[in-house]
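Quick one: the structure is below, and I'll ask about it shortly.
First chain written, first letter: the chains are A, B, C and D, and each begins at residue 1.
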Amino acid sequence: PDNFFLIAGPCVVEGEELVMEIADKVSKICRRLEIPYVFKASYRKANRTNAASFTGLGDSVGLDLIKKVGDTFQLPTTSDIHAHEEAAEAAKYIDILQIPAFLCRQTDLLIAAAETGKIVNVKKGQFLNGPSMKFAVEKIQKAGNNKVMLTERGNFFGYQDLVVDYRNIPWMSEHGVPVIMDCTHSLQQPNQTSGVTGGNPNLITTIAKAAIATGADGLFIETHPNPAVALSDGANMLHLSKLENLLEQLVRVRKAVI
Amino acid sequence: PDNFFLIAGPCVVEGEELVMEIADKVSKICRRLEIPYVFKASYRKANRTNAASFTGLGDSVGLDLIKKVGDTFQLPTTSDIHAHEEAAEAAKYIDILQIPAFLCRQTDLLIAAAETGKIVNVKKGQFLNGPSMKFAVEKIQKAGNNKVMLTERGNFFGYQDLVVDYRNIPWMSEHGVPVIMDCTHSLQQPNQTSGVTGGNPNLITTIAKAAIATGADGLFIETHPNPAVALSDGANMLHLSKLENLLEQLVRVRKAVI
Amino acid sequence: PDNFFLIAGPCVVEGEELVMEIADKVSKICRRLEIPYVFKASYRKANRTNAASFTGLGDSVGLDLIKKVGDTFQLPTTSDIHAHEEAAEAAKYIDILQIPAFLCRQTDLLIAAAETGKIVNVKKGQFLNGPSMKFAVEKIQKAGNNKVMLTERGNFFGYQDLVVDYRNIPWMSEHGVPVIMDCTHSLQQPNQTSGVTGGNPNLITTIAKAAIATGADGLFIETHPNPAVALSDGANMLHLSKLENLLEQLVRVRKAVI
Amino acid sequence: PDNFFLIAGPCVVEGEELVMEIADKVSKICRRLEIPYVFKASYRKANRTNAASFTGLGDSVGLDLIKKVGDTFQLPTTSDIHAHEEAAEAAKYIDILQIPAFLCRQTDLLIAAAETGKIVNVKKGQFLNGPSMKFAVEKIQKAGNNKVMLTERGNFFGYQDLVVDYRNIPWMSEHGVPVIMDCTHSLQQPNQTSGVTGGNPNLITTIAKAAIATGADGLFIETHPNPAVALSDGANMLHLSKLENLLEQLVRVRKAVI
């Protein structure tokens, strides 16, 4: 694994045209740069702050479209699940089950994901440190599944900000699993009075470079051809037109550290 | 409501004898001090850090025993639920459904709890501020249930500590709902390398007095006749023999502020 | 010492008429409520974020006016010093030398203050916990001065907020010294883009009640007859007309806890 | 300025032999790697937590030795000052006056440093964000000195930990000044019950790589041939024998990002 891998796509499955466009463009960029690419989109958003936010097209429509992307472009795919009874169903469509950060300690959910035999990618709670993620890894391994990945996505810093503690990259690597930096959600600004989480997408480059420099194995980046009209998380997504240049820079940093 | 109310009991249903003993003693104390009393015990612990920790006797045994306590001592009861499909079942046994702090933004869970028609007590996430809890209140109210309560249980302060921000008491009161201080879990010390959350129970008095002084409507205190042998959260529970003296002090503070 | 004591006055010496008015009114209130009263005003503001902020009338004018207040109303007085060479001079005019929170670890300053023989009141750094303040106490005691007090003023919580951790009240009391809550500066909101620290004065009641309930020996409250036109820290000062009612409430809480 | 620069040396001037040895070895490494090198040592430690800690050989001895190092190896030098009256004296011996993080808002100190005409390097307070450091820059510039640098050294994260927020690197660069990462003090673990600040020197590589990747212009690293016997800050200093390999890695990262 000489290069880092990339998990990328829109925040949520908004429609077929959109996911196909994104997968097409990102897979071409990644092929050229020799970056293994995993397509990501949520089929449901289960923990919006504000009940009025968009939560998806319906689970079966969303999962079908994610699978279609994978089949069409020959890509592994990932999405997040939110309750133990979703695991088996989602596993029919996707290759990597992602556990949301708020739910990273829900034992039932971790075990249900593990039992599908799929890769399980656990996002580190925004209130945990890297060493304590060993317990999540162990819960999955004890359920008979050794295909675990961990994702850093920042820690709460006061009420309305997140900070990424890069010590967590080597600390999580010590658990013997691939470590991913979620560049998108690490830039969230929670607890905004609007009920819509803010963000700061022009810092994605900073977050990503530091992650690669400190040894991250993969990056997670939400991207959209028009973040301003995205149905979820528009404040944080990278404009798709900026992805290629960013990845080129990151490949250079990667080569400097391996 | 001249006095504050008390939610108290063991962390988890360990057995019939224990819950009966606790309910008996606490209800006598509360009757004497004119403190409305709600019996609390978890029937399942779903988010232990370490998979080896005790998680309960089985849901139906646990719920049965909680109901028996309520019937025997004529007490309202509460317990926490962890997934939307538990709500309807738990509602057959208990009067107040408590939503765990890590799950306070899971819309499905909040709505399922709301739809039982029972009182819903949402614990504030350890990463949220009081004003942002208005979105949880609204999710429940929009599901047709106005019986909402909010519970403060501290905010993450670095990786291994919690701090209680008492500004959240008046801030949450502004949402027009009763506000409870969870004196037990506010003293947790998370992310300990052992995988067992530490604590500091001799500070319960400090946490509780400040809560009553700043206008909390209720207190949540886990108590046990022998915390050293408790099967869960022994590090934080108040020794049952110390409860009466504590409550006497708190009643005096309450009278000074109303 | 049945009651708590009060350190109060304007943030900075703005002029003779103002300090006399405040001392007159506050001393009458405190006499009636049997609250020992210490007059406070800064003669210089040494650490304004923004160099354009008001920093005082000049040291000798400021110190003279503080002394005049003390002599006129028969009150002990206090002010803050910022460098070791100020200690001896300030000690000629005031009774309690206050060490600013940012400077609480500057050994030279602590020793110079100690050597005046005056009472030394060290504000806890916004980055320290109560137990670690024992080192400040020891530095002063080893310089031959046992008249030490410690003041809580909140801890940084993210970049733009402070939170008061009331565990620090009993923790600092364990050092065997009086513990004071600075209700004014605990409500600051630092790092505002304007360069002027914001605040939230309507939470003073919350901060003060929790402090008295948890055992604080004294309170520090900046007050002004017209905070909106104050030359420094107007965002945090309590309107003088609200002081009497607040203190009446606090006396009731005090009686409930001693 | 194709390469980053390095500020390095022992925490404090312990003796002539030691400072000469360090300067000799580091200057050879830096010459080979084309890294501009500034020799650093403190001549006095003014804010030890514990009064019993070593504070230096005496100011004039310390300053003389720093100057001797600069003259002998033809290096620019730096040290920290702690009170405004030290600025003029220190400026006779050293080239860059460093302002400690706790003191970064002391206006008198910043102005006294500025008025020497030397370069002034202000360490960002562990409680400030990058944008708010513009006020420190302005105070120095308004005193007629445009030679300002800013140093990141981590932010308090709970009571006993620091975290480096790499967003501060680009944020401080926006003030138009060189930005330095203090790799040593960013790893401190404050508020330890011993009164001696702990640390974690094996994370220096992580801190330094992320800094260079995100655009830092310089690095600050305390180094010692035998940290275990160092008279100050031994817990954080890099073993001198590890410096060359670290710098080689960092030069590669630097080339990847410029």
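By definition in this document, a residue touches a chain if its C-beta (ideal position, glycine included) is under 8 Å from a C-beta of that chain, and two chains touch if they have at least 3 such contacts.
Since we're looking at a predicted model, the values are computed, not measured.
Asks: Go through the assembly and pull out the chains touching chain A as well as chain B.
Replies: For chain A paired with chain B, the chains in contact with each are C, D, in label order.
Asks: Go through the assembly and pull out the chains touching chain C as well as chain D.
Replies: A, B
Asks: Through what angle, between 0 and 180°, must chain B be rotated so its C-alpha atoms fit those of chain C, rounded to a multiple of 5?
Replies: 180
Asks: Quick one: which chain's Cα centre is the longest way from chain A's?
Replies: Relative to chain A, the chain whose C-alpha centre sits farthest away is C.
Asks: Pick out whichever of the two, B-D or A-D, is joined by more C-beta pairs in contact.
Replies: Most C-beta pairs in contact, of the two: A-D.
Asks: When the C-alpha atoms of chain A and chain D are each averaged to a single point, how far apart are the two points in Å?
Replies: That gives a centre separation of 37 Å.
Asks: At what distance in angstrom does the C-alpha mean of chain D lie from that of chain B?
Replies: 48
Asks: Could you say which residues in chain D touch two or more other chains, in rising order?
Replies: Within chain D, the residues that touch at least two other chains are 155, 157, 159-160.
Asks: What residues on chain B touch chain D, complex-wise?
Replies: Against chain D, chain B makes touches at 157-161.
Asks: Quick check: in the complex, which residue numbers of chain B touch chain C?
Replies: Per the stated touch rule, the residues are 155, 157, 163-167, 169-170, 200, 203, 206-207, 209-210, 212-215, 249, 252-253, 255-257.
Asks: For the complex, give me every residue of chain C touching chain D.
Replies: 46-51, 55, 82-85, 102-103, 105-108, 125-129, 131-132, 135, 138-139, 142, 155-156, 159-160, 190-191, 193, 195
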